[in-house]
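What follows is a pair of complexes built around chain A, which joins chain B in one and chain C in the other.
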Partner chain A sequence: MKRYIDFYLTSMKIAILEQIQYRAQNYFYLVGVVVEPTIYLVVWSTIANQQGGSVGGYTAGGLAAYYIVWTLVRQMNVVFTPYGWENRIQHGRLSMELMRPMHPIHTDVSYFAGWKMVMIVFWFPLAAILTLIFKPTLNPTWLQIIVFFIAIWGAYLVRTMIFAVLGLITLWTTRVSAIFELSFALEMVLSGRFVPMTLMPAWVQHIAYYLPFQWTFYFPINALVGQPTPNQLFTGLGMQLFWILIGLGLVNLIWHFGIRRFSSVGN
Partner chain B sequence: MPNPAITVNLLSKHYKVPVREAGLKAATKSLFRRKYNSVKAVDNISFTIQPGEVVGFLGPNGAGKTTTLKMLSGLLFPTSGIPDVLGFQPSRRQADFLRQITLVMGNRSQMSWDLPALDSFELQRAIYGVPSPDFLRTRDEFIELLDVKELVKKPVRNLSLGERMKMEIIVALLHRPKVLFLDEPTIGLDVTMQRRIRQFVEEYNRRYGATVLLTSHYMADVEALCKRVIVIHNGKLLFDGDLSTLVDRFSAFKTIGVTLANGFGSFSQYGEVLNQEAGHVTLRIPREKTPEVTARILAEQQVDDLTVEDPPIEDVIEKVFAQKSAEV
Partner chain C sequence: MKIIKLAWSYLRIGIANELQYRVNFFIQLLQSFIALGTGLIGLWLVFTQTTQLGGWSQPELLAVMGIYMVMGGVIQSAIQPNMQRLMDEIQDGSLDFALTKPVDGQILVSIREFRFWQLTDVVVGLVVLVIAVVQLQEKIGVWQALAFMVALLLGGIMIYSFWLMLTTTAFWLIRIWELVNLFQGLYAAGRWPVTIYPQWLRLGLTFIVPVAFAVTVPAEALTNRLTPLTLLGAFGLAILLMLLARFVWRLGVRSYSGASA
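Now for the complex of A and B:
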């Protein structure tokens, strides 16, 4: 365990050092990320104002809070993608990683955890500007704040598992882009990334509850900006843990069979 | 006698490769009915390597060298045969096994491109769980051996190919592996850099008694490091033994170089004249006739100097492949 802690801390440090090298690129990337929720925010705020000040239980200030917190959750949700798996297999990097006495997923989780440290620092000024412009309404309790900080890391791990499962399919197909795009489309609708889940039809919300996607976006955002009960907060954390464990099981299972088929192409 | 470091018994790796003719018609047809060829990349090879041995693994491109190294390092599952490396079954990829081996591929990098090599060394320490005092001692020892004290502080992207290769070697050996699989470690490097890397591998083997299995197209690497060579071609093992035995067996000729005291003379009666210029003659003589011809030249000519040499190892290896291909 001590060895893994040492590895995670060192790998995070390396990620921070690398990202500092590319501060300008990271800032432009972050500005690009802010554009997406800003569009959603403007659209839904307009609709809310036209419908007498609120839509789906969200006031204009509530929507502003939702999408500003969204920008932080989005950063936390940046993980090693199936494209990354495709690339590492096609270009032979997986071969070098397989020579290490630990699963490559540790490298991914630790590296992107370190990457987030840099992005969160960059995020603060942008969040401040968005706050000044859109004037969010945000009154969380201490419990909500604590659960939010746990939930954003839970969301990170759930999304890591989803994408690792998809990425590992590359061990059979060498290309996984099409499957990734399908998953991405589902995520847009069923995660709360596009709109808060409460604005979705009831049947969509029902389906989403039993899928992993909403626990990566909607749950952590709503934990801070909504009015969830303590029971809902703890259930949400439980659902995240459930999907992390399911993901771990699937990753191990697919890895076990997939690695036997690995043909170490491209090198 | 200690247990062998590496035991390979009837090891094979066969690939199923989809094939089709060129063109749209063939592509459409392949959607419904795919044809496959079975490629025997490695075909029932067997050998053992003792701890501390440095063995050259030779063969032309596509011979099966890298596939064998990948099976021995646990990257590929064999189709048949279970190799044994340090008492482990490589394909199980146990952490204890991976901590004791390394695979260096001349065209693959383990370094972070944007950071100084020192940072990548530190990450490697954490990956292998090397205690800090051991890590620092080994790191500094390797830095000194390869004379890269200043280079390790530069971002890797700013290093030349040869300088990067030195870093790759250091990072791959920081955990002091007992078995080194070196796949073309000097590929693309100039002769000075090749020599440096060779000396380092030699020194590592001497200091730590590591077992080394080396593939290289540069025969200078093999001659400098390997007493024993294994030759593989089309997945089959052609030769396993001392480099000198290989030369004896596959080289029917020796080269005699004669420097003449008076600057000229006739030599065609001794053998094939390969070159004659400025008082120096090079002859190719059948191996068994070398002592007799040498004695005759010394008796009949005014000789300043005379050398008898085996042909270049490249020529011998080429001959092995040509002869064995003809047999197959």
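Now for the complex of A and C:
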């Protein structure tokens, strides 16, 4: 256990030091991230105002809160991409990871956890600007705040598992970008990244409830900006745990059978 | 004349290169359809809640989306690949090879790459545009069609000039990979008519990042919204941006130190 803690702390520290070097680069990236929800926010608050103040239970201020918190949750959601796995497997870089006395997924989880620390610090000024411009209404209870802080890390793990499973498909086939793109599109629509799930038709919400995507995006955001009951909050955390465990099981299963097919390139 | 011949050769090489990888065509086509699908879902969601957005009806917004896809396809096939190559070459110094050729440097770096399969976006966008125009049930006169073409061309020129200026900053900043993402994020704002954005953003999308002229103005031409003054303004801005890009390029090349220096 201690060696894992040591590894995680060191790996996070390396990520932090690495990212602090590239401040301009990271700000370009963050501004790019902020543009996307700003577009959604403008479109939907226009509609809310056209309809006398609210749409799908969200006022313009509520939507502003949703999409500003969105930008933070988006940072928390950044994981090692399936394209990264593809690259690792096709170019044989996975061999290096295999030399370590632990599963490669620990490398990713710890590195991106450190990465997030830097991004959150860089994110604050942007969030402040957005807050001044769009005037969000946000008054969460203490319970909501606590659940939010747990849920963003839960979301991180759920999404790590989803994309590790997808990325590991590369062990069997090399043409994976079509599968990846399709799942990104599915996630876009069913996670709450596009719009709060309550703006979706009931049947879409129903489908989304039984898929992992909305627990990585809509649930953490809504935990903070919506009016969820304590019951809903704990159900959400439970659903996250459920998907993390399912994901862990799948990653291990695929790993077990897939890794035998891995033939390293070069060295 | 020499330049046109040169551009034609590069185009042929680009196409021949891409024709080697035919499976990529289907993957590109699938990606175009995915982009279309998410775009349509966005539109559909908006119109489950309302009948118009900032004065634009459903077929009108569909037309905007079609133009957005067409222009996006042109950017991805002809403009962006050139700029990405330029970025890499400035970084590792191999731009020497382009600058020592007996043609104008700016023109050469702008025509070297062409991604043929990316044109699937243009085709899919055109289909969307035709469907939208049919739904509009308005007669599109010769003048309107002409104004639309001119607006589209001017928009393309502006996007090119803007992209070139962005890329030229690599002469000073060296490492600017994230610019591609930043540009794509900003361009995505063109999916909706810029008139719905708050004023500060609208001004930014008009004069700093010319998304408004690339997508919204051509759409205005099709939907009877375009005033001659706007078109004239587009013309003026296109020329201004072209000259500015030329100036920045020259400035950049002067501070380029090359690979062996």
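Here, the second predicted complex is superposed on the first by the 263 of 267 C-alpha atoms of A that agree within 3 Å, B and C clash if a C-alpha of one lies under 4 Å from a C-alpha of the other, contacts with A are read in each partner's own complex, and residues count from 1 in each chain.
Going forward, a contact is a pair of C-beta atoms (placed from the backbone, for glycine too) under 8 Å apart; a residue touches a chain by one contact, two chains touch by 3 or more.
No experiment lies behind these values; they were computed from the predicted model shown.
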Which superposed partner A:Asn139 touches (first chain B, second chain C, both, neither): neither
Contacts of A:Gln21 with chain B and chain C, given as first, second, both or neither: first
Which superposed partner A:Leu98 touches (first chain B, second chain C, both, neither): first
Touching partner for A:Ser177 - first (chain B), second (chain C), both, neither: second
First, second, both or neither for A:Asn231, with chain B first and chain C second: neither
Chain B versus chain C as contact partner of A:Arg260, first or second or both or neither: first
Partner chain(s) touched by A:Phe194 [first = chain B, second = chain C, both, neither]: second
In the superposition, chain B vs chain C on chain A residues touched: C
Touched partner set for A:Thr10, first chain B, second chain C, both or neither: first
Residues of chain A contacting chain B in one complex and chain C in the other: 22
Residues on chain B engaged by chain A in the complex (per definition of touch): 15, 66, 70, 73-77, 93, 95-96, 98-99, 101-103, 105, 107-110, 112, 114-115, 119-120, 122-123, 125-129
Residue ranges of chain A touching chain C (in the complex, touch as defined): 22, 24-26, 28-29, 31-33, 35-36, 38-39, 42-43, 46-47, 50-51, 55-56, 133, 175, 177-178, 181-182, 185, 188-189, 194-195, 199-201
Complex interface listing, chain A residues touching chain B: 3, 6-7, 9-11, 14, 17-18, 21-22, 92-93, 95-96, 98-102, 259-260, 262-264, 267
List of chain C residues in touch with chain A within their complex: 23, 27, 30-31, 34, 37-38, 41-42, 45-46, 48-50, 52-54, 173, 175-179, 181-182, 184-186, 188-189, 191-192, 196-198, 201
